[in-house]
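Quick heads-up: structures coming right below.
Presented sequentially are two complexes of subunit A, the first with subunit B as partner and the second with subunit C.
Then we have the complex of A and B:
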């Protein structure tokens, strides 16, 4: 593997598991999709460089996830560990792919860099927003292999 | 009050995103394409639109765009597999007779010139290619590789009467090209700059003197041509007509606008938006048509369950609109003029 860009990233504690509520256990109640649920879908995505999750690196935080269940909108800000991180697009794509696969198709998913945390945030945001380019990436087997490795839970550190 | 835009029929054969559709010049047939790597040909059987053929062996990846030639004898398809296929229409059968290669990656759009002389294609590789069409469409020679854009080129269209080519790009600009009569070289004559994000699509009005563009910046822009020595005194560098943005329609769309179609029969403008809606705009009657045109929203309808990717007015039947969506559906709509 190539040299690590960020040799010594700060590592943070994982969030506690969410206790299930009575309504969630009741099959007859329709639960709206909320911030915590979306965060749970993406927090365990692996960092492409480190054997750590995006949550542990504070790339993802629940407070940077916004959901409007009624309008079918999900908005995620992610914070690259360093402002020149060359993996930022790949990380954003992994978040997007994970949510595309996991959420019902009625949701419009926006994945953007936390403002002010990356030197090319506008260019990366534009790429991640371009659904045609995202669709083409999904057909690129080499790229999808890398993305799938990031998304897969089996390689996750314990 | 009856809905101004009413669904005529919903067609559900595709799997996954339906990226594009194109009317046959007769208005009695259309082709659709998408993520499932197929082209489907539809035609009218009495009052219903029915699928006539599936062309499934042309491309190895998503088919992004399809276009019928103006003579109606040929169909071109472009794919993320970096190729363009040319299909011969023999009666009701379609046969792939040529595959055009040269683009380095995804081919995004294809258009036949109205004169029948040229085919244009554009790609993620930032280039626009002009292909010279030989007799009977048996040969396609590359006449030009135009590298004027600095990013992914999303769309190519031709002028409704002339061999003038227009392209729209991820670099936020629109460019125009023509063949230089002196040395037959294709040159970029105009760069139209005003959008602040990707220009997804463009459409001429019937005169070819006005162009509309739609963008990821959620706006539509109307561009007017000003000829050399125009009475408005607009500067025309290099003795080429100048194109100026004379109207911006903002505040109407909530998300990216993926396609726009300016009807040559009725003058109505339809848009395909990432907020699942189709909107219809009409030029206001009191509008100063040339220098400061104004347009009003006629109607807006929640048309699909997901992003609308493509809208096209039928070239023969006024008010008949086709739309395609990420939700796998194709829909046909009828626009009823307000009484």
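Then we have the complex of A and C:
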């Protein structure tokens, strides 16, 4: 990448680790998959441009994640840092891939741009919704490398 | 005149191999003044002027050796003058002779009567005739030794040489490459530079050193002298700052090299800057500060950077400020330069640069008094106006502002100069803000931070505000948090009297009925035991509620508080006061004896613990006196409270206190109690005491006989299928094993055999668990090194042969032993242990019992080996991966499922080619735990599955780059 599109983004604090509750340690209580859990899965994805996580850049916020555990639906809105960000598709794809790998197969996953935050919002949403295109991009080894890097570097920084 | 050779000297040098002896003879003759050195030289003449270079070399060698062997004060001035002249003349000879000339000179110049004119002559001739850097390393070292010795001892003469001398030295030193010589030079040259004016050659001198900067050096692995890069770098930086004339060049050099990307070079440059700032004149520092700051700004305020570099850069700023620590005007110029452009970032808390800027502010405040004042007056108000004027600040942001302020207060607090600035209205404003929080508490976090801030500034809170603090603390005392307790402590340290009157008064000298309330109050009060002015009142109220209050719950609370306090590291003084002044041991004994054995069991147990903790801190003679006085009175078989008292007396008794007199009776009674009592707590106490007593008993015939007797009694009971007997065996063997007792093995073997017993196998399994567990209340005075290895070796010996027909009990017992065995010991025996471990983690679908504990223990051990990338485990991956996948869906225990996922995740660290065959299976199977009903299992499964997905992907990415 020759130049950074957004040179000095605002950086926000990370949310605290989810506190352990007694129920979570109790074998007999069922913990349903909730918004916080899904948010925890994706908040550490790295921004392709900066050494920062999507959470720190407020690309992802817990309030923009909705989960319906019974019906098996997950809906994530993400907000690009600037309206003409060319990385938006890549970010969306990374979120999608991470969720596909980390959530049980019974979930239907939708990833969309927060309405009104990107200049070519509809086009990108359409790309991310298109199963064929997502599947095709997963076959593209170069693209997968970039996505894997976004997903994996977080592991080292932990 | 008789020389010890008959033929000519030339022949002697050519053929004689006993030159050494002859040399010694001449040395002897010279020291006894039987001969004269000039004659010796004359005698050597034919050799020294021989036409063959070889012979001349040998002659010189002989002469130099001779001079080195002579006492330093033997030769007089005239003779030395003669020899020096001779040696100087020899330098013009063939180049192969010069090493010997140098060796001789090293000896000559150290002689006592050296003529004052000789040094100049020697150096002149060396500079003129011997190009130093073309010599081998050892000779160069000799030349440097000559220069160093002469320049240290003949300053006046050499200073008269003027620039020639400096120039000669520069020429000799320039281009030196050997690290050993460099260490020598770097140590000596700063002294040289300070003694001799460099005149017009200062820049040349600087160049001599600057070419090494930054040092790039890798010591050879088997270097005996172990010169490291850091040693060289440290010494070099001293040289670079040795002369005030280097200032200009030195700053330029450090700043130039800062631009590098190599971390060590950057750190070297920063360290050089620190040294330069400290050593050179303030004026030159001031001149250069603009440039320095530009670079530091780049290092400090441009996003994420290396931590070490960041810290060192801050240290540079700190060094600059310290340079001007008593120069108000210039300090302010510098601080203005630093903060004019950076202060803006402090207004935007979300900015990337907020944190580094805050760090800089704190560092500056910490540097000097002047800079601290500057920060208080000019910088902090900007950051803290938010707090006092911005109404829209969220609670979280407020907490952050206060936290920054607290860090600042910690620095100021350390400096003790606030009184100087305290008149400042704005510190009062901060106080007002803090008081607002206290009076109208809105959020827990905010109160917490406020307490922390107050704690850091306890000594400067104004009188009326203190009253508000006290009021708030008092109101919250019955439900106080850790922070509030710390806060009370901080104020109590400064104003003990006020705290007592305003906060504690109503809580002291009274008995409590409500145990919950008492719990919080006592927990807070126990913090104040540190403050000597309040200690007595606190102990008084505790003792009142323990001994004069019949409420069992409250008594229990007091005992628990005492327990906690006395378990901490530095309770020694308190324990002594409790023992000497409050006679707590005697009182506790009475308390236990008068307690109702049915209801007051918890109180008795806690009281005996407190007793043992106090006894522990006493000196041995006092411990002994207590035991001698009270132990004989105990009737263990008749009274339960006596058991608690005994436990309190002996619980943490020092190993050196002798027990022989009571040992047999005590052990017999305890065994009886433990064999026949139905009360579990009583049995536990008796067993622990037995364990501790057998652990400390000396290994002699008398005590072994006692042990044998007890053992026989227990064996009889075992035959009657008494489960308690097996339990006692477990405890006794635990005590014996820990000290490496010779009889321990036999008991362990009995226990191993009992694992096959139709009725007692379960108890035997428990006995193994007892051996493996650690009990905080159990005192084992004698611990042998490597006793855990010993237990493992013994257990393996007894159980190894039966591996084929292992029952569940065998596996569980073994798992307990393996759990305490050090990793290294397991590793050495992995061929034997491995099959057992694998067997432990296999689940039999037919088996109704879950065995979660055993599986979990074994999984943890396996995980450790996976972590080490152990080869043995790698060879067994095929079945292990399958077992782990099954365990990741193991219904009865979530801990097992989590551990199995962790193992699977760690397996991905093995080389890629060994894992590829399993990849698709693992990824597929792990979808099931992804939908586990427990969140923690799901988290572990996600990490494991992600790791398997990324298997090999990163390597591919790296290689393609």
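By definition in this document, the second predicted complex is superposed on the first by the 149 of 158 C-alpha atoms of A that agree within 3 Å, B and C clash if a C-alpha of one lies under 4 Å from a C-alpha of the other, contacts with A are read in each partner's own complex, and residues count from 1 in each chain.
As a working rule, a residue touches a chain if its C-beta (ideal position, glycine included) is under 8 Å from a C-beta of that chain, and two chains touch if they have at least 3 such contacts.
All values derive from a computational prediction rather than experimental measurement.
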| item | value |
| --- | --- |
| Combined model on subunit A: subunit C and subunit B, fit or clash | fit |
| Which of subunit B and subunit C A:126 touches, first, second, both or neither | first |
| Subunit B versus subunit C as contact partner of A:106, first or second or both or neither | both |
| Residue contacts with subunit A in the superposition, subunit B compared against subunit C | C |
| First, second, both or neither for A:11, with subunit B first and subunit C second | second |
| First (subunit B), second (subunit C), both or neither touched by A:64 | neither |
| Touching partner for A:136 - first (subunit B), second (subunit C), both, neither | first |
| Smallest distance from any CA atom of subunit C to any CA atom of subunit B, in Å, after fitting | 9 |
| On subunit A, the residue positions that both subunit B and subunit C contact, one per complex | 105-106 |
| Residues of subunit A defined as touching subunit C within the complex | 8-12, 24-25, 27, 30-31, 33, 37, 40-41, 51, 98, 101-106, 141, 144-145, 148-149, 151-152, 155 |
| Parts of subunit B lying in touch with subunit A, wherever the complex brings them together | 17, 35, 61-62, 64, 80, 105-106, 108, 124, 152, 154, 170, 197-198, 216, 255-256, 274-275, 305-307, 326-327 |
| Touching residues on subunit C, where the partner in the complex is subunit A | 304, 350-352, 892-894, 927, 930-931, 933-936, 938-939, 942, 945-947, 949-950, 953-954, 956-957, 960 |
| Of all residues in subunit A, those that touch subunit B in their complex | 105-106, 108, 126, 129-133, 135-136, 139 |
